[in-house]
Structures are given as structure tokens and as C-alpha cells.
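Look at the two complexes coming up: chain A is in both, with chain B in one and chain C in the other.
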Partner chain A sequence: MAKDFWAKHENLYYALTNKKVIFGLTIVAFVFLLAAFGPMIAQYEYDEYAGQGYLPPSSEHFFGTTIDGKDVFTRTVNGLRSTLLVGAIAGSIATLIGCIIGFVAGYYGGTIFDELLMMLTNIFVVMPQLALLIVIAAFLEVRGTFVMAVIVASTAWPWTARAVRSQTLSLKNQEYVSLSRISSISVGRILREDIASNMFSYVFMVFIQQFNGTMLATVQLEFLGLGPTKGISLGLVMQNAVNWNGIQLGMWWWAIIPGLILTILITALYFINTGLDAAFNPRLREM
Partner chain B sequence: MGKYLRKKLIIYIITFILAVTINFIIPRMMPGDPIQSLLSRFSGMEGGREILQDQLTLLFNLDQPLWEQYLNFWKSVFTLDFGISIIQFPTPVIDIIKRAIVYDLAVLFPAIILSWIVGNKLGAYSGTDKKVDNASMPFFYFLASSPYFWMAGIVVFFFGVVIGWFPISGAYSSTASPAFTWNFIADFLHHWFLPFFTMFLVQLGGWAIGMRNMIMYEKSSNYSKYMETLGASKKLIRRYGFRNGVLPQVTGLALRIGRIVGGAITVQVVFNYPGLGRMMLDAVQNQDYFLMQGVFLTIVTMVLAANFIVDIVYMFIDPRVRLSFTEEV
Partner chain C sequence: MAKNKDVVMSVQGLTKVFKSGILNPEYTVAAKDISFDIEKGKIISLIGESGSGKTTVGKLILKLINPSEGKIIYNGKDISEIKEKEETKQYYRRVQGIFQDPFATFNPLYRVDRVFDLIFDSFDLDYEDKDQAIREALFDVNLNPDRTLGKFPHQLSGGQLQRLLIARALLMDVDVLIADELISMLDASTRIGVLNLLVESCKKHGMAVIFITHDLNLGYYISDHSLIMYKGRLVERGDTKKVYENATHPYTQMLFEAVPEIGERWDPDEEFLPEQVVQDVKEFYQENQGKGFVEIEEEHSVLFSDK
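== the complex of A and B ==
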């Protein structure tokens, strides 16, 4: 029974037995659990006076306290939750837009339609992302989680569109696609069943990379004070630390730990991606 | 050559038009009344009333039809008239930009070039040596995963606070005044180093990973295997692989400049470094929309110019590009 399952899902087997994937998944699971359950463990509210300020990490305050006596652990886990949520939604939207444009442009490769879509994509590729985001975010006085995600996603999709397009170009002349085409199956179904389904693992890896990129963009905006207008976020924790001269005062737990968690998460996701690459790509698998 | 450059140029021109249009549309689309808030901000300043009048006619002209407003907006772009800054009243925005852009170029240009060169070299080594690879790759991934401002925080903490070798704020000491003297230049470089080093470090990871993957790919190609059977040294194979692998890295440079410039904005905030990014954030926080729009347009133009330079360089190092560009499916 189990053997049948693994025989059918060979890719999954190779993925889950890859050392890099296991290592990465462990860390990612840990960070996700921290974001999910951390706010419950925390004994304080993120904005509440939790005790003496300027305390280094201890068993009482896991990540120490800020200069005005707020608990850094509480702030970090709450902020982590917000940043992960924005990053995940934005990453999903960006992957979706990128895939749709990539599939369509690739399928109609060489036509004027493809040229136009690629021109649009290339314009967004050269547009400096953060500067554009600053301008948009600066004029929006109220920014919720979803609005944030849409803002971030709107500039994140272009490279996905390009990558998916080139993959589609290489798939669309396969015989089974031609067969579908001469059987007068609709374009939507061909894209869905013949092309998208064969690129599932690729799209999954694209999503991980998008997630990485959108989290970085989100946290940068938050750091500039242009994150969600309500609540706390990872970038905001570090913005406070910098504004209050936390680094100069040597309060590394305030300025560095929140970012360290995010950086470790993103590194772990990179590891998963390289591991998956090796697992899905038989040529690399033998090495 | 003609078609390749023409195609790129069209993209850049459209991007520029789009950026100007964004500048034009966004204040008009936003909820609230920008004119009212401007009125209240200028009202206390000397000569504010007249300047405000000029600004408003120039940038809004709300009584004219939309297309005429748009045309006037373009006129102001070409005459580099971005209006008057509110924070540094009454300095024209263009003067502030001119002053700030020096700091951006001083940090970004060396950081991009050096990290590209060093990153490619390091990546090539780890691509050919399994031991080096295992030891260095996690480190490079970690660098590439760091948010720029966070890396700036670490760099400040270690080199500025713990060891205390470098100043951590500003572009030069508050006691110094800009002049072409050795003292000032030394002081400037002293302040310049940490922002530069931060930008250098974060990018280094990305370039090393990219080149390492390229070398791995080249190593599995037939020409490398053939060289190996001929008994060519590792070093020689690496050198050939490098020359092939470097081409996508140049294209990657063009793709990443936008991100790098974005990262520089946050780094300047940490170091309180008076470049365009710092100016932009000041403008946003003080709702100085003229300054913000001016800086935005400048950054877009800078990125487009850098992209164009990379395109030209690429054409010189890879003549195939013309063919590949016209024959692409």
C-alpha cells in the first residue's frame, strides 16, 4: 500500500528524502509554529508596558525588552505573523498573475499578443520596485493586510511571467500538446491540463521564490513605516529600534533578533528550493 | 545591433512615460484633498502664498481639461521643474536632488561593481570545489536572504558599536564642511565605508549563488567533459565555464538594479546617509509630495540609464545577442 503510494509519487519521495529539504522544512515549520502559537505563549500585549526597559534576553523576557519596556518577544511573534501573512498572500497573488501571463504569452509565443504581454512584463521588470511601492503606499492613508499584499504583489510578478513563459515555450511543441490542439480542445483546457499540470513542481518552486521576494519587499516597506497601518509587523519592530537608537545603545536583541528570524526563514526556503531542484531534476539527483 | 537596442529603448521610454504618468495620476486619485493640505502647510511661510500659487497652477491646474493638465505636467518634467520642497522651504526640489544624488552614486556604483566581480569569482570557486561549496553556500544563501536594512543594522552593531571603528551616522562629521581637502575626503570615506560595505555584502551572496549554479551547469556540458578527458586542469575548465557563465550574470545585473536601488533606500535610512532614499523617506513622512515625486522620477531615470548601460556592455561582450534577440521564438 505505502509502496504503491511512493511509486506513484516518486518526485515527492525524492523531495522528502533530500537532506536540504528536510533541513529547510524543519526550520520553516519551526518559524511558522512560532508565528502561529507565539502570540498565545506571550504573556503580554505587543503594545503593553511589560516591565523594566533595556533588559537583555532572559527567561522572563525571551528576547529582552525595548527601551520603553515593551516585550520584544511579544512584538516579534505578533509582527512575524503579520509579515508572513502579507508575504504569503502577496506571493500567491504574484505567482498567480505571473503564471497566467506566462502561460498565455508562452502559448501564443511569437504573436503580437505575446509581444505586448512581454513588453508589459519588461516594463515592470525595470521599474524600481521599492520606489514605486513607496509612492503608492504613501498616498494610501489606510493600509490593511490585503491591501498591503496587493501593493506588494503588483510589482513582484514580472520575473515569474518571464520564467513561466520560457517554460511554456519549451512545452507547447510537445506532441501531446499538438494532439490536444488538433482535437480542437479549448485553449483554456490545454493550458490547464497539458501545460500547467506538467509544470506543477516548477510553479511550486516559483511560489517559494515569490514568497521570499514578497516577504523581503514587505518587511522593507514596514521598516520605512509604510506597512499595515494597524498592528505590529517585523519591519516596524526594527524601525522602532533604529529610531530609538537601539543599535547605538547596544540593544542587539531589539534590532537584530526580529530580522534574524526572517533571514533564517528565507534562507531555509532557499534550501528547500535547491533541494527540490535536485529532487525534481533527475540529472542532478544522481550526484 | 539596431533592432536589439531599439527594442530595449522602446521599453525604457514607455517605462519613463509610465513613471511620469504615475506621478501625475496618483495625487489626483487619492482620497482627501491634497490642495487643502498644501495650503495649510505653506500658509505660515514667508512668500509661501505666491510660490504656492505657482506650484498649484503648474502641477494641478484643476480648472483645465485633463489632457492639458497632463501636457503641462510633461512640460515641467522636461524643464526639470519639480516644484519647491516643503521640508527645506524654499529650496527647489531639483537642487535637493542634485545634492543627494552624489551620495547615491558614491555608494551604489562601487558596491554593485565590486560585489559583482568578487561574487562571481567566489561563486566560480565553490562551483568547482565540493568542499568549498558545502562550506560557503549556506553563508551565501544567508547573505542573499538578508533584508538590506537588517544587514545595515548588523554592520552598524559590529563595526560601529562593538568595535567602534567607523562612524554610524551621516555622510561626514558634523564639524566638517564639504571641501576638496584631504581631511574632508578621509572623513567622507570613513563615513562612506559602512553603507558601501552593507550594500556590498548583501549583493555578494546573490552573485556567488548565480555563478556557482552557472558553473555547475557548464561543468556538466559536453565541452567540459571532453576537456576533462583530455586531462585539462580544474582551473582551465573553470576558466572556460566562467566565460560562458558570466553572460547571464550580466543580464542578471540589469534585472536586479531596481531591487538594489530599493535596498539602498532602506540602508540610507539606517545610516542617516543623505542620499535620495533618505530624502524620499523624509518627503513621505512630511507629506512633501513634490520632493517625493521628484526623487521617484530621478530614481526611475537612474535605473533606466543603468539598464541601458548594461545592455550596451552586454552587446559588446556577447555578439550573439543580436541573433538571439531577433530569432527568439
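== the complex of A and C ==
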């Protein structure tokens, strides 16, 4: 039984046994668990005076305290939760829009429809991203998680649309699609086995890359003070640290730890993606 | 035209214009006014250099693209009118192809066996034991089944993949086979074997083959009839021997002069149209204005002018 399952889902098997994927997934899982359960472990409120200022990491304050005595661990895990949520929702929206527009444009490649869709996409591509984000973010006085995600996603989807379009175009013209056609198998099976299966791994990787990008964009906005109007975020923790000259004052834990978590997460996502690339592509599989 | 021909398929005035771009559309006339008959058990070579429209003609016959003009008659019916699913399946049961690029013909995510699975899934093939039939077909094309089945496409060479596709086509025992640059990937020793296999199959099962090639020698070696294509047009057509012995169109003549030395490969991607030929052809058409396609001897016709 189990053997049958793996034979059918060979890709999944290769993905889950790839060392880079395992390594990346472990770290990502750890960061997610931190975001999910950290706030429960934390003994303080993120804005509460938790003790003395200037304290380095200890068993009392895992990540130390800020200059005004707030608990950095509490702030970081709460911020991480908010930032991850925005990044994940934004990444999903961007992937979804990008894939739909890209797939439709590619499928109708060369028609007026395709051309219109690509015109729209190109307009978004040439728009200066940060400037646009600042304008939108500043315009909206109250920004919750979802609004933040939409703002970030609005400039993130175009490159996915472009990439997915060219992927669809090239898949559509593959000779193996022609071979399936002259083998008289159903259109559904062609879409599934020849188009979608070659697309699925790609879309999956696109999503991870999007998530990567939207996380960074989110932190960037938060750092500029354009994050959610309520609550704490990863970018905001770092912004505070920089504003208070945390590093110059020797409080490395304040700015470095949140930054490190972000860096580790992004590196882990990158590992997953390169590992998946090898797993999904039989050509790159280590035999 | 000679009588007593056993025509299985008739190509009539076939034209294909590709349009690319919307705002500034560009038109490519890939094939123009192509007519010929395909006879049972005969091999026809379709010869011309890269870009002359050979693959386009093959794809039209395989219903992979639709003609801009003209008809392909099979079983008394224009194949453009075959739309219904079951009828399409019946068509592909009898008309098959082997594509130019073997690497692109295999879905990289599946083991190579899939090309056989697909035809056994779709068609009622008349074999008692599927696995045994596949193994025999592989032996026929000089492949060791144990070393090829179960492999991924990237683990095999272009020549091996091409032979797998030949085995697939032979298993189907079709009426018409389109073989596009079939043996371009095979080394010299396998080449002759595969060619002979093809000829044998034609004689034995009455299969007709359209043998698409840019290699004049191959065309001569294998075919009963030859079609010479130049810039989307059929410029000379007929019995292979007659076309080769009495080449009349300036482009055909040039082809003979340009035949590479034995052993030298002719790069199919090379743009290869000396200015001189273009000029010669133009003058030839001018001199013979109004003549059109003329049968200069029995089983041998030449395009004398464009109109």
C-alpha cells in the first residue's frame, strides 16, 4: 500500500527525502512554531514594562530587554506572528493573481487578450514599488493585517504573472503535448499530466519565492513605520532598536535577534526552493 | 498521372499562414498550395532545407494545426471535418507521427514507458501480451528493453529516444506515418538498420511513410517518391529516380550541387540559401511565366512559375 502511494507520488517522495528540503522545512517549522506558540509562552505583554532596561538575554528575559525595559522576546514573537501572517497572506494573494493572469495570458498566447493582460502587468512592473506602497499605506489611516497583505501583494504579483505566462506558453508548445494529442488521450489528462504536473512544482516554488519577497517587503514597510497601525511587528521592533541606537549602546540582542530570525527564515525558504528544484526535476535528482 | 494507384491520403492545395503578434501582425507563409498523393506501402521523401515548411506539412497531416486553405482527404473525407472524439481517435489509430526533437517528445516527469502506456490506454491494439509486444518492438529497433524501460528521458540518448518512438509507431501498425528528421540523431551504424526496418514495415504492412529530411542522399536511399520543398512551395515532385536523374527546378539542381561530402553532417539549423539560388529561381519563374506546375514526364512535375 505505502509502496503504491510513493510510486504514484514520486515527486513528493523525492521532495521529502531531499536534504536541503528537510533542512529548510525544519527551520521554517521552528520559526512558525515560535510565531504560533511564542506569544503563549511569553510572560509579558509586548508593550508592558517587564523589568529593568538594558538587560542582556537570560533565563528571565530570553532575548533581553529594551532600553525602556520591555521584553524583547515577547515583542519579537508577537511581531513575528503579525509579520508572518501578512507575508503569508500577501504571498498567497500575489501567487494566486499572478498564476491566474499568467496562465490565462499564456493559454491565449498571441491573442489580443494576452496582449491586454501583459500590458496591465507591465504597467505594474514599471511602477516604482516602494513609492507606490508608501502612497497607498499613507493614504489608508487604519491598516489591519489583511489591508497590509493586499498592499504588499499589489506590487508583488506581476513577475509571477510574467513567469507563469512564459512557462505556460512553452509547455503548450512542447512536443510531448503533441505526442499525447496524437495518442488520443483526453484533454483532461493532457492538462493534468502534461501541463499541470509540469506546472505544479513550478507554482509551488513560485509561492515560496513570493512568500520570501512579501516577507521582506512587509518588514521594509513596517520598518518605515508603514506597517499595521495597531500592535507590534518584526519591522517595528527593529525600527525601535535603530531609533534608540540600540546597537551603538551595546544592546545587540535588541536589533540583531529579530533580524537574525528574518534572515534565517529567508535562507531556509531558499534552501527549500533549491532542494525542490532538484527533487521535482528528474534531471537534477541525485540518484 | 499513372493509373492503378492505391491512394490512402490525398493532400490538395494545402496552405498554412502563421500570424504572430497582434498590434503589428507578421505573417509567415509556411506552406503554400501543396498537393500530393500518399500511396499505400510507399515511402515519400519531403526534402528541403530548414524553414522550408516540411514540419508544417507534417503537423497539418497530424491535425496538430489547422490549414489556412486546402484539404487533406482521408477515407473520402476532409480531415478538418473530423471533430468528434471517437472519429479523431480512429484517425490517430491509422495516422501517426514521430517528431523532430526526441528530447522534447517525452514528458520529463514520466518514465519513457509512458509513450507505450498512452497508446495501449487509448487504442485497442491487437496484442495478446502488452509487455511482450513492447519488448519485441524494442528489439526490432535494436534497443535492449531492460536498459531502456523504466528510465527517465534524460537518462537516455537522443538516438535511443528516437528509436523508442519508432518502436511506438511500429507497434501501432498504421496506414500513414509522418517521420520528421527521423534518423538525425542516430549514428551511422544504427541508421541503416532503422531505415531498413522502416522499408520492411512498408512492404509488409502496406504502411505509407512521409519521410521528412534535409538530406538528399537519405531521400534517394529510401523513397519511392520525392517532394522538393522550397520556401513553403513544392517545386519538384515525382518518382525519386526521375527527380534525381533529371532535376529541373533550379533549387533542386542547387541541392544536388550542395550535397555535402560523405560523412560530413549537414547542420539542419544552418540558414543556407545562397543569394545566387534566390536569384536563379526568380529568373527561372520569369522566363517561364504563366506555366505553373507542369508534368514534364510521366511521374515527374516541376513548378515553372509562381502563378
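Here is the rule we use: the second predicted complex is superposed on the first by the 259 of 287 C-alpha atoms of A that agree within 3 Å, B and C clash if a C-alpha of one lies under 4 Å from a C-alpha of the other, contacts with A are read in each partner's own complex, and residues count from 1 in each chain.
Basically, a residue touches a chain if its C-beta (ideal position, glycine included) is under 8 Å from a C-beta of that chain, and two chains touch if they have at least 3 such contacts.
Note that this is a predicted model, so its numbers are computed, not measured.
Look at A:I123: by the touch rule set out above, it reaches chain B but stays clear of chain C. Touch criterion met: A:I247 reaches chain B, while chain C stays clear of it. Of the two partner chains placed by the overlay, only chain C lies in contact with A:N281; chain B stays clear of it.
By the touch criterion defined above, A:Y176 reaches chain C but does not reach chain B. In the superposition on chain A, A:T267 makes contact with chain B only, not with chain C. Looking at the shared chain after the overlay, A:S184 reaches chain C, while chain B stays out of its contact range.
Legend: residue contacts after superposition of the two complexes on their common chain; A:D194 is shown touching chain C, with no touch to chain B.
When the two structures are aligned on the shared chain, A:G110 is found in touch with chain B and with chain C.
Touch criterion met: A:L224 reaches chain B, while chain C stays clear of it.
Taking chain A as the reference, the larger set of touched residues comes from B, when chain B and chain C are compared. When the two complexes are superposed on chain A, the residues of chain A that touch both chain B and chain C are 110, 283. Residues of chain C touching chain A in their complex: 19-23, 59, 62, 64, 88-89, 92-93, 96-97, 99-101, 104-110, 115, 118-119, 121-123, 152-154. Across the complex, chain B is touched by residues 109-110, 119, 122-123, 125-132, 134-136, 138-141, 159, 169, 212, 216-217, 219-220, 223-226, 238, 241-242, 247-248, 250, 252, 255-256, 259-260, 262-264, 266-267, 270-271, 283 of chain A. In the complex of the two chains, the chain B residues touching chain A come out as 10-12, 14-15, 18-19, 22-23, 26-27, 29-32, 138, 141-142, 144-150, 153-154, 156-157, 160-162, 168, 220, 254-255, 257-259, 261-263, 265-266, 269-270, 280-281, 284-285, 292-293, 295-296, 299-300, 303-304, 307, 329.
Within the complex formed with chain C, the chain A residues making contact are 11, 110-112, 114-115, 174-176, 178-185, 193-194, 197-198, 281-283.
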